[in-house]
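There are two complexes below, and they share chain A, which is joined by chain B in the first and by chain C in the second.
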Partner chain A sequence: MTNIEKYKLAFMNGLELDESVVYENLELGMTKEWDSIGHMTLIAELEDAFDVYIDSDEMTEFTSYQTGMELLTRLGVDFRS
Partner chain B sequence: MMLFEDLEKYADRPAVYTNRQYTYSEMLETADSIGRAVGERTLIFSLCTNNEESLFGYVGFLRGQVVPVLLDAAIPSAQLEKLIELYEPTHIWASAEREDLVENMDVLFTFGDYALFERGTNVQHDLHEELALLLTTSGSTGSPKLVRLTYQNLSSNAVSIAQYLDIQGDDKPITTLPMNYSYGLSILNSHLIQGASVILTDRSIVQKEFWELCRTHEATTFGGVPFHYEMLKRLKFETYDIPSLKKLTQAGGKLSPKLARHFATVCERKGIQFFMMYGQTEATARMSYLPHEMNLEKAGSIGIPIPGGSLSLQDEAGNEIVDSNVTGELIYRGDNVSFGYAHSLTDLANGDEHHGVLRTGDMAYMDDDGYFFIAGRMKRMIKMYGSRISLDEVESLLESYGHDCICAGEDDQLIIYTLQDETSEIKKIVKAQLNVKGVNVMQIEQVPRNRFGKILYAELPKRELATT
Partner chain C sequence: MSFISIEFLLFLTMIVAIYYAIPHRFRWLLLLFAGYVFYAALSVQFIPLLLTSTAFTYVIGILIERQERKQQKKRLMWVGVSVLVLFLGWFKYFNFVNDSLRAFADWSGFNYDVPYKEIILPLAISFYTFQAISYVVDIYRGKQKAERHYGYFSVYFAFFPQLVAGPIERAKKLLPQLKTEQHLDYDNVRYGIQRIIWGFFKKTLIADRLAPIVSSVFNSPDPTGSEIVLATMLFSIQLFADFSACSDIAIGSARLFGIKLTENFKQPHFAVSIADFWNRWHITLSTWLRDYIFMPLAKGKKKRQQIYVAIIMTFLVSGIWHGAAWNFVLWGLIHGIYRVFGDHTRQQREKMAAWVGINRIPTLHHWWKIAVTFQLVCFSRVFFQSHSMGEAFSHAKLYVTPASWAPSGMMQAIQMFSLLDLIIFLVVFLTVHLFQHVERTKGSAWDWMARQSPVTSVAINLFLIVSAFLFGVSSQGFVYGGF
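Up next, the complex of A and B:
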């Protein structure tokens, strides 16, 4: 599985989404499934999937599909592979 | 005494911070126009979110003696329709863009993003003269069972809360809970009657903007259910520097002993008073609280009755338990005990069925110093993120969709068991109809039963076997 696939899968599991969703448009507080409860599950999924630790500041700055990728890139995840 | 009837005295004080600031006078002017637009004392629905439209509507309805049912603005259309059929509201106060309403109803009045929709029915509502407000008992199953609250219920609970939390005009709560949820509403009520200023936001504590609002407006307090405190721990709240915060409250389920100790310690160090409290919608909101200076000494306790209320314990035969450390059903008495439930419009004419006495359904005991401790629940109820859910109601909901399931679990962990290969269908129904997260659906081989056929809930598997 590529990292981008792993990333999508974490969203799917964490927010209980199906495949029809346009993942690139997901936004915390705007997407119905992505509320604070979903956010915590999603963070746990991402930490498991990429074996990283997302700290408190990062958690509150991670608010969209895009910013999540930027965050993980900073933590050393390479989305080109 | 009617809640909010003398808010005029706070005139130019700030009442609400949203994108802009509203004084009490400004709030009341709009609130009263919304109330007047309805006109008569009828039953209406108000679809709430934490914005000025919802709050002003609520204040206006109470002041105008219009009786609102407060519902979550995110209520699915099918659930809303079912409630409309049962309760026949004359008007609905909701987002002007709500499609299921725009199509069928006329708009009488607008404020901000909200519109007052008129249903155009001729139904005459026979409402008990003391009835003020209706709240749902469970946020998510869409159950039509509502709690009937009176003007006296609301005002006595708000006054009592303001007293034991020592709420003053310079307090500034920031919203963390929905206002259609009794705990969220009680925070608004108890602060507005004291002339405090409410910071309204739909941002959650996992968002940076929430904490920016806290700092900009110098929030002094907020409330949270156990899940909020789990998040706060994960967010390392102990490292936050927000000097304006003076008081945190917790209700909506029991905090784990570990979290309770953690926040008692962290708050003490930060000079924040941390209040753990207990209540139910059937008692408007609060029934007891733990005085913050007792947090460590009486860890795990729901504390003592709120001012004006009393707690007692009853054994199975209905006799009062006078000895300490003996478990029985917890009984609450006070002016904040609701009139009872409603299941449809006709119940709204009914009078007081509880007479100030509430059987909580919780098992508890009292220690030698008069502090109460919850030992368990009598009914098959769990709390999901602060909202009560009846496991039997979830089972019957699924049954209505043709799925024969068993529900079990504990707070924040609902597990649905089925014998069929239908877990994904069930997940879809749960998602669309139940509106709760963190539900586990498991397929099992057989239902563990004793020789009388009674289900042995304790023997159901707790976790899915890791096969994937």
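Up next, the complex of A and C:
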């Protein structure tokens, strides 16, 4: 499984979203599942999936599908693999 | 030396004058001296505790930073947090735990003979302990460097404008400002004086005028339901005026030294939900609880129910922080339940709003949410204000009894105001709402004030000062000063 697939799967598991709903323009608050509480469950899924630690400041800058990828890239996740 | 006193204004003026007259390298010494004099004037017997907490936090911070292994850092961080909580626990919670255990032993027939101890709560301990914990944890998390200059560190612990009742500041925000050389700046001085005047206005004309009226109801052996309803809503206004005034004076005083403290309030009674309320009320405590209680509890949880438990536990900590009594625990629990219930029923409430059609009139829907949130907050404050659990439940029952809201009863209850009190309250209430309206429509009332001509600005400030002198009363300390 590629990292981008793992990333999408974390969204699907963490937010209980259908695959068709997970797209690149998705933002925090755009769906009822991705609210402040859903955000915490998503963070837990991502930490497990990529074995990283996301601190509270990083959590607040993670506000969209795209910024989540940027954050994980900074934490060492390579989305080209 | 209360904030609301001529002594404080003279003290502040003298310290500000000396601050700008001496070289920057000596200013930490002046601020430290001022902090300890200010604290000693209020609570001299607890100066040793303040000094001990400061020294301990300073040393443990350096020790944590020096460790190379994460495990060692973590162990020391827990030592630091435990000792700080122990200080707080001994003074604030010993008798609460002791009394609760004794009551439980009486009920269950066990023998329990730990005697009651006369323990005085040290002034500001809840505030400076939370600052100290955030400092220690932030060093462990690598977000804060351990401060090596003992003088600046001590000022962070005892910066007199925010020492007694916050805002609860983080070291990474306050320490760099203390170390930066500040120059006498007209805008800072004007802003600082205006915030102080505004604080005096709210405290003396709203909070302290309402306090005896509210107390007369809550101290009464048999208040009517309407009196409880009215007094509870007035208490909400009193508490906001009191605590936000304290923050205004703290923020204004700090700005005279060129230091920007964190805002503590954003019109909390205009919140549209409980979650929104906690983003607007006592913001520095809310963010502290979020970062140091909720986040560690919620981290790694993958189910909403687990996060709901973390929310409830965070609000229980908030309740117990406010006071060592079961009614505060219950107050925190109520807010936790509000928050969880609000999240869990959001979809159903949205569907209901669509079914009723209120969401087609956004302004009405918005004000409906404000009114409901205000009522939920007021109901919780019945527990905040009552003196015991029995009394709290009795008052809460009266608050939700429909007959208590009957217009005839409310008209009778309003007679708790004298005519003069009522007129002053209405004029001042309108003034505060005008200010809040400017905040909502113009972004910042303080920026709006800065854009006014000097004549308008002086006229507004004169109105506030003269009103406070003529009609203001001051016989009370700040409510949050007691926490």
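The rule is simple: the second predicted complex is superposed on the first by the 80 of 81 C-alpha atoms of A that agree within 3 Å, B and C clash if a C-alpha of one lies under 4 Å from a C-alpha of the other, contacts with A are read in each partner's own complex, and residues count from 1 in each chain.
Please note the rule applied: a residue touches a chain if its C-beta (ideal position, glycine included) is under 8 Å from a C-beta of that chain, and two chains touch if they have at least 3 such contacts.
Computed from a predicted structure; not experimentally measured.
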{"item": "Touching partner for A:M40 - first (chain B), second (chain C), both, neither", "value": "both"}
{"item": "Touched partner set for A:E61, first chain B, second chain C, both or neither", "value": "first"}
{"item": "Touching partner for A:L28 - first (chain B), second (chain C), both, neither", "value": "first"}
{"item": "Which of chain B and chain C A:S20 touches, first, second, both or neither", "value": "neither"}
{"item": "Residues on chain A lying within both footprints (that of chain B and that of chain C)", "value": "32, 35-38, 40-41, 43, 55-56, 59"}
{"item": "Chain C - residues contacting chain A, complex", "value": "141, 143, 275, 290-291, 295, 298-304, 307-308, 343, 346-347"}
{"item": "Residues of chain A that touch chain B when the two form their complex", "value": "16, 28-29, 32, 35-41, 43, 55-56, 59-61, 63"}
{"item": "Residues of chain A touching chain C in the complex", "value": "13-14, 32, 35-38, 40-41, 43-45, 47-48, 55-57, 59"}
{"item": "Chain B residues within the chain A interface of the complex", "value": "74, 202-208, 210-211, 227, 230-231, 234-236, 239, 385, 427, 431, 437-438"}
